[in-house]
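Following this line, the structures themselves.
Next come two complexes, and both contain subunit A; in the first it sits with subunit B, in the second with subunit C.
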Partner chain A sequence: MSGGMQTLPPTQAPSSVEYGGDEISALVLDPGCAWTRAGFAGEDTPKCVIPSSYGAIGGKEDSKPELVFGDNGINAIRPGMEIKNPMSDGIVADWDVAPQLWRHALTSRLASNLSEHPLLMTEPAWNPPKNREKTMEIAFEDFDVPAFYLAKSAVCASFASGKATCLLIDIGASNVSVTPIHDGFVLRKGVTRTPLGGDFLSNQIRTYLASINVPISAHYQILSKTAVDVGKPAEAVLRQFAPGQEPTASYKTYQEERVLTQFKECAAQVWNGPGPLPPATTPGAADQSFNFGGGRTFEFPDGYNLVFGSERFRITEGIFTPRNMLTHPDIPHPDPETTMGIGSIMASALKDVDIELKGQILNNVLVTGGASLLMGLTDRVNSELGVAFPGPRLRITATGNPVERKYAGWLGGSILASLGSFHQLWVSRKEYDEHGPGIVEKRCK
Partner chain B sequence: MSRSGVGLSAECVPLFEQLKSRKLKYIIYRLSDDKKTIIKEKTSEDDDLHTNALPKEEEAYEKFLAALPELDCRYAIYDFEFDVGEGKRSKICFFTWSPDDAPVKAKMIYSSSKDGLRRALAGVHTEIQGTDFSEVAYETVLEKASRGR
Partner chain C sequence: MSGFQDVRDVMDITGAPDVTARPPPPKKQKTIEKRPDGITRELYALLGENPPPVAIVETKFKERPKWMGKANPWIWKGFENPARSDGLTLYHWERKTEAMDEDLSYRFSKFNVQVDVPTYSDAEYETLKNDDWSREETDYLMNVCREYDLRFPVIWDRYEFPDGKPRSVEDIKARYYSVCRSLMELRTPQNQMSADEIVMFNLLNFDKEREVARKQMAARQFARTPEQCREEEFLLAELKRIVANQDKMAEERKDLFQRLSYPAVSGNGSISAYTGSQGLAQLRDLMVQNSDKNKRKRSAMVQNSADIGAAGAGTAANTPGGGSNANGGAQRDTQAVKKQVRRLSEEEELVFGVSMPEKPTTGVKLRSTMIAPSVKGASAQKMATAYTQLDIAPRLTMPTIKTVKRFEELQTSVGALLDAKKVLEKLEQEARVLKAQLEAKGISV
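Up next is the complex of A and B:
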């Protein structure tokens, strides 16, 4: 990211002359499974990042539920509020809610009138044509934008790293995807994904904690806590709810997820050898037999804390060797036998790429996505690729800047939409009126 | 048109034709100041041409590399001459120079505008995507250019 950029107040659009832009300031929206990112084109971070999860209150039989969006809305304790998510596997699953979520992301802090700003949206490489048309229809019919463009998130991320040709490995919330890109175009047959992203990791942690009978507490449940020694029962004052006023189970799960996110950031780590991760024979005992670089303490919101040793690696190992994933009858998990690990999907993505191009692509491997920040992950991706494609030309890049890693797709879209030359690529309202939503296939490749 | 809408200035292709007819050794292209077209930044001088004594090729190439900016992106065409024991050969190389430390905006605009220039130039033998000087080092490019394609 170029340094020295100033942050503007949230409602002010950036100066458009700075980089040869037009007078219009476009909006950029990157809708992901966990987060929806929105901001003005030309800026280096999205000004508005809200959870893609939302709250639904009430709504029985003939009345529609009241929907709440954004961090403040969904984290507030409200009796009866269900937490839901309109996205699934990176694409829209609920077309009633997704446009409302997008509108909230665009209008709550950025623009009051969407009809004044061209809109660039990003999409995953596996977005089906029906969804692409529907997205364009919503932009023009519902948001009334003057111009629209739909760009592949993987291509945007690749461009933002200065690469027109690359293998993009995106470790997101709902899945891990691998996208081969040549001269700015997705090699569609090579796009491969596996459901082993951040959400899978959360469930691995849940599974492990369930196996040692450690309940996950969430911040909202705790009024106050007292420091306790490692492994000792928590001494916390819990928030009490009157009958009928308790938060819903989905709210509890969502709040636990925030704790698990901290666990991933503080305690989880990817095994990087030497050799494969040694199996655990008896709980606790076997873990002393290999060097896992010391334990890490994690404290739950209620003060209960434990030192995690080799388990820190076991909860992440399933991403690479699904056979070794942890399982529990009550916690959902993909099939350990048939699910492909990261190494296999990388090999599969390049299977049909011709040999010359394969060399160029392997020389430009990019890792992005929030879950890629897991400690040790890029090193492991590197060694797995080295096994699948032995040769000296492997070169893997992952920016050290976590903001850029999380928002790579948005950032690429932001720059693209801010270029003065890009005005020829926008699909205008007039063109949409003439050709209908089918124009998306022709124009947004 | 490229993925970014950036177009080519009228001089881009004729310069390449000159290089193909061996009147130029290299061409460096950059984005215009308004970021809307690709223009010529620099071409080789007459001295750089006719490096018939092959040891001079490496020298000419080093001179070309020195013309690439450390913190900004460029496109370049270089007529690479070599002899790996099968007589003198010459291959035209297309460089996308995008150093890791260049501003993200520059990286974005150069990578998204590349296909427009690349497709307009027929007769390129080898493509080099360079993010640091090791990737465009003489030996690396020699290895790529002398390999079948």
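Up next is the complex of A and C:
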């Protein structure tokens, strides 16, 4: 303390007018499995959102491949470009590429000189210490930031909803995670996750389409199309590629993934009763035995369109009852018997939480993540929660704003890094030089 | 140009504005087409640029506020945070003011509040020794407590003492508080503590057993099944009903005792104490008092006591030398005596039907109408049934003083009988219910 202002007495709460922002032009980076989000602290949406997938061109044996990042880079049709993803299960798997991806997210539109901006990054609660140190190392050694902080994305997402104590359910691309949070601290013993996120859902849709022999077309393949009736063969002019000029299989998969995301947005729905989802009579056959609230039409990029009835519910049911997931020998899927559904991971997340906090935590259940936008999902989470915890009062909150739902982690980081009282928490360059990357364990709790 | 100047002021740009750098946007030349000859003005008005048929409200900007002086500039300024020890300089925009150059402390540094976790010397630790806790673990505990600001659920969550025993939240709390308490006592003996310190000292007394029991109860409460919740709700409603019933019963029983009670007679059971007019007045007061306790019966009782008073007057008149002049009641009696020309004996009074009511009513009335109805409404109905059962006419054929008096007595005792019957029925009902409950639980009575 260099004299001057005294700290508040510990018994006195700060008055609400005293809380306040103080923007220091910090950058916030929220690297996810599907999307990497970056922007300035203090703003309400990330200015730069790029796919976490990247394109690798060339690079046989001797030469290093040329990497392309961002929507424009990886969606362009380039012969021989492989689409890859440096992330796996929410954490970095490829340390050669991830820093380049982050640098692209930070410098392509936001800042030209990273040494002028403190950087706040988010990480999943299960990030191993090795990875945390590595992240800090990259920030200081590679990006040369003046100050750095590594915040838990779950805590950030809870701050984005104005809660310091809550149960955060994040349904992202690679997994569903449940994190109990008390006073802005992750209760580590309660962090649980299950690989039933958006990617699993994509594979469920693929499995279903494979079972009825409907191929997925992607937008890049179509030059023009004509409208056809429901179930009629497509009449589309396909793009022709000269031999050796075709896009790679991984490119095709990535492009199909975009179509599947559209399918999730407009056709998929979560079953909300009454009762459990009735079993299918014959695979593919529409059954009329119960009311699905009408079918939904989905048109593939080539114009082929189908009405989906009960299948809309069957592709999402696996998230809650993994035993009922659809399987196909060629499409990867987690083990239906041992994988835990959302209901069970919520129950086990609270097992090791102090009894006194349970009530408060269950009264503040938050649902975030891109895949939580599935129609009817929050209602189902609510009823699963009611089954797991019949006694206490439950209140579940999920913002209706899809942008806030997708970028909750980033938004909370943006709020945090623009608070005047946060600026004492940054790990500075000097501290890093003195203590090395190990300081991350001590300071970013 | 003043808007432009304001911007320059805010950015603190001095020097002559570079006019050439920013040529004013070319003014739109308004061309007025000339009306060709041979077309009437009206017709031409319908062609060409028509004025709109509806009046358009001219949109006007708000008037420019008149600032005194020029706009205040903001500057990008580095600041140090006294809450940090590493002298990290961060930058933010600040309003340029006179006080700027003075070394103002960062206004958010006062939120850097730390909790007081005591430290102890080696000598002091001697008194803190505990078989269950090693010195190393105690040191570790105090550090974690400091690190997580005494958030015990978080401390327990992160508690990882190498090769230590598993500790519960209560173990941790008990050790922490006992260390604090012992240290406090060691430093200031209990008899020298100030009042505040005593309060603090007592607060530090952590009752682990009670806390554990309380948590267990909370856990049981938390783990209720829906059936248990429902049963509890049902039992609570039942309990409320029984309590309400009991209150009503107690009230009624009190009523009954009120009816059956009579003023306690002194010693030998003789009525000699009440034979004098003074004694009678006392008796009357006593009875009025008794009846005061029961508002519902009050009016009836007053009537009765008035009767008794009247009777007393008669008796007093007959008692030679009876009644002193000491109190008001006796005074009235003596006045009545004075007025009397000839004294009638009791038998004579009866024979002639003479009575001396205390408050004679005006006019002539049949005695039968003077019989005080002891009860009203539904109970009157019941009373009538009781009369028929007992073979008594509900109305006196010959209402003399004597018969009326007897009839009123009868009325009271029938009332008491009916009340007793009601209570009996209720008790029997309760007994039946309890017996049934016991039987349901398999306990034979």
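By our rule, the second predicted complex is superposed on the first by the 417 of 445 C-alpha atoms of A that agree within 3 Å, B and C clash if a C-alpha of one lies under 4 Å from a C-alpha of the other, contacts with A are read in each partner's own complex, and residues count from 1 in each chain.
The criterion applied here is as follows: contacts are C-beta pairs under 8 Å (C-beta built on N, C-alpha and C of every residue); 3 or more make two chains touch, one makes a residue touch a chain.
Being a predicted model, the structure only gives us computed values, none of them experimental.
By the document's definition of touching, of the two partners only subunit C reaches A:G391; subunit B does not. Touch criterion met: A:P146 reaches subunit C, while subunit B stays clear of it. When both complexes are overlaid on chain A, the residue A:S158 reaches subunit B alone and has no touch with subunit C. Between subunit B and subunit C, more residues of subunit A are touched by C. Look at A:G420: by the touch rule set out above, it reaches both subunit B and subunit C. Of the two partner chains placed around the shared chain by superposition, subunit B is the only one that A:Q360 touches, whereas subunit C remains out of contact.
By the touch criterion stated above, A:S25 is placed in contact with subunit C alone, subunit B being left untouched.
By the touch criterion defined above, A:D183 lies against subunit B and subunit C together after alignment on the C-alpha atoms of chain A.
Looking at subunit A, you'll find residues 1-2, 20, 183, 356, 419-421, 423-424 touch subunit B in one structure and subunit C in the other.
Those residues of subunit A lying in contact with subunit B across their complex are 1-2, 19-20, 44, 155, 158-165, 183-184, 356, 360, 363-364, 397, 404, 411-412, 415-416, 419-425.
Against subunit A, in their complex, subunit B makes its touches with residues 1-7, 33-37, 73, 96, 98-100, 102-115, 118, 127, 129, 131, 135, 149.
Only residues 80-84, 86-88, 90-93, 103-116, 147-148, 151-154, 156-158, 169, 215, 218-219, 221-226, 228-229 of subunit C touch subunit A when the two sit together in their complex. Every residue of subunit A that touches subunit C in the complex is listed here, in rising order: 1-10, 14, 18, 20, 22-25, 118, 146-147, 182-183, 185, 187-190, 352-359, 389-392, 419-421, 423-424, 426, 428-431, 445.
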